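When the chains are written out, they are named A, B and C in that same order, and each has its own residue count from 1.
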């Protein structure tokens, strides 16, 4: 240890720490104050539209984790495939969004919530009734900019805290 | 009269508050001085290279995120560059500029954690790392705006980036760039001339120049030893030859020099981002590529300057939808091979500091 | 022995307590024992809370603020949590020594408070060897720490305990020599007399003494920047790695109680104890102790940790010569200038302190750390 500069390095450091006492802290009290996440957030659930889905299975083939399970049967009357079962195991899903990009009929979207913890692993499997799109459940704007514009703006830290010069 | 002592073996074990990840060092101590050290790793092996043979080229990109999880954009970019080189795909201009901006932002974020972690190991009770994390939050907000996630982005695709950045990205990036240099100056004032930090890290863990080159080290470890080698200048990839920046090097190769090299690299990254922001054109961001890529038969090795060193992907393809063999040259693993020469002769407290100054990520070492 | 005449006892506070205040020796003993235990416990709890909030604000975050109004009940929640934990004893540990170590470490800290004055004459026992008793008793904590390290049968614990012994023994000497300077000026070892003779607080008359005492005290109580015994990042937790439950809480209490004790001693010796205008004296005492503790917290937040050989070099090559020179100069001043103007002495002392620190910094150097293997 050498004190060639007579301990001024230590003194300068202590001045910086003291200045921080007078600044606003940057923490956020979580359950009471929630910040707006990004418009393109890849949340922990998926939203599926039964009208547009044709049962082609591209999403299941693209998912490299093997989390999507789709069972169809032909409907001779209306001449299209009926989707009998459509299940996504969100325990395996890593929220990469490749299935959303792959769907050629824009029938699959990512959701916006991330607070979907459950007590049992079996409850993480979402079947098609849970995943239907509903007007009160907004979809995330990931890969679909037309939906992203309708969502609220993300809170940015560079704008929340402006430190004095 | 000499006291009779005998060395004893100490396990600086896998579950330790301060090894970055699960890493084990079997050290033989004589008093407090380390006389021999044997690194043991492999606790985090997940078989990523084998998994690549079961997934398509596009489907492997989320897995490259999880290699060095503190620098996901760089990993994505290295892999996409390798496949594009093999298949001969041309990337549009706007995508190239966006890739450079995101890579350099990612470099700043990764170096923030590296420097903060190093100072935390020196014992400064988490004050430096909390200041770093506050600045890293600002960068992660930008990434979240672009890609939707904060740690594993899955943003680059073969042929460009996945989608264009939203319109509030560039103004927010401008605000961040205005605040960042002042923060780096304040940070230097906190700790650059601190006598205790200098005493702990100057002259500690010297890696001589010839040993650094011979053992294949790269990144700030190599540049700290005085070798002016940066792949962005020596073997330019993806339009880095259009920007002007300097390469900071150290003098002695000790831990203090590696810390200084990282801080200076952060400033140079800010320079590159500023130039890229001025030059970026409009246009498409993704080349027209089928989502099942069929590269021709052959092999390729592509490398980039990741924040931790030289990250390389070696791909052998046989014209199918998945690679035949994929190997990842992880910079952290190759930098670790010089650990034994750096640590012998120092005390336990120094071993932790030297290990922290190399800046490894165990997920990369074990893949 | 010549005594400096420039500090006469004047302005005695109107509330002078006689030595056997409520009525007889045993009542005095009981009342003050209760006061001391209550004081130490509440100050430890208050300081724990204060430290966590202060460190958090200096790190740009909030401290604990959920438990109770503004988080004031957080230390109590910690105490309850620790009481409910399972008490694990390693099989190869030496059971009796393992059980006794926290007790041996904690009791001397309470005993220090017996001679610290809260008001004029408000002490448990006005020993006329007050400060000597304090130094003797404060060293006993080290025995407890070594017992803890040895009986845990863990290599990390032994390393921590050995480092502690080396550090504490080395820093005793500058501590005692700094105290000797104060004693020379005030002419008595009793803490009550030292406070009464401080018309000018001794921080102005002995600035070098305060500098030495502060760093030696930080090393004695294992606080940053000398807290390598509990260095989380190196030897997991040092001597109390194997302790859990209430025994761990005792060690934690020892650290904070010693911090309170050292702050109280610095207040008494250098800052004027309970003296001050228009507030009750015991409130001044608490305020000054809090201010000294804030400086300790500030130093802890900012500085990294020193290594063991750098710690020893700092004690023996920097603090020890300065302490000896401080003692010699104080003695010379008292012999030669017994009736000089006190403010002149203040300026001379500050000047000498500054010059010496700068001079020693210029030439202080320790060796390199690497050993050839």
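A few points about this structure:
By our rule, a residue touches a chain if its C-beta (ideal position, glycine included) is under 8 Å from a C-beta of that chain, and two chains touch if they have at least 3 such contacts.
Please read all numbers here as calculations on a predicted model, not as lab measurements.
Taking A-C and B-C together, the chain pair joined by more C-beta contacts is B-C.
Each chain gets a centre from its C-alpha atoms; the one nearest the centre of all protein C-alpha atoms is B. Remark: chain A and chain B have CA centroids separated by 26 Å (rounded to whole angstrom). Between the Cα centres of chain A and chain C there is a gap of 52 Å. With each centre defined as the average position of its C-alpha atoms, the distance from chain B to chain C rounds to 44 Å. Within chain C, the positions touching two or more other chains are listed as 58-61, 301-303, 306, 310, 366. Across the assembly, chain A contributes 1-3, 7, 10, 13, 16-17, 26 as residues in contact with two or more other chains. In chain B, the residues that touch at least two other chains are 127, 134, 190-191, 194, 196, 199.
Residues of chain A touching chain B in their complex: 1-3, 5, 7-10, 12-13, 15-17, 26, 37-42, 62, 64, 94-98, 101-102, 110, 140, 142-143, 145, 148, 153-154, 156-159, 163, 165. On the side of chain B, the complex with chain A involves touching residues 54-56, 58-63, 127, 134, 137-138, 141, 144-149, 152, 154, 162-163, 166, 168, 172, 175-176, 179, 182, 186, 189-196, 198-199, 291.
On the chain C side of its complex with chain B, the touching residues are 55, 58-61, 155, 159, 224-225, 227-228, 231-236, 300-310, 366, 368-373. Across the interface of their complex, chain A is touched by residues 54, 56-62, 298-299, 301-303, 306, 310, 313-314, 357-358, 360-362, 364-366 of chain C. By the touch criterion given at the top, residues 8, 10, 16-18, 32-33, 35, 119-127, 130-131, 134, 190-191, 194, 196-197, 199-200, 203-204, 344-350, 352 of chain B touch chain C in their complex.
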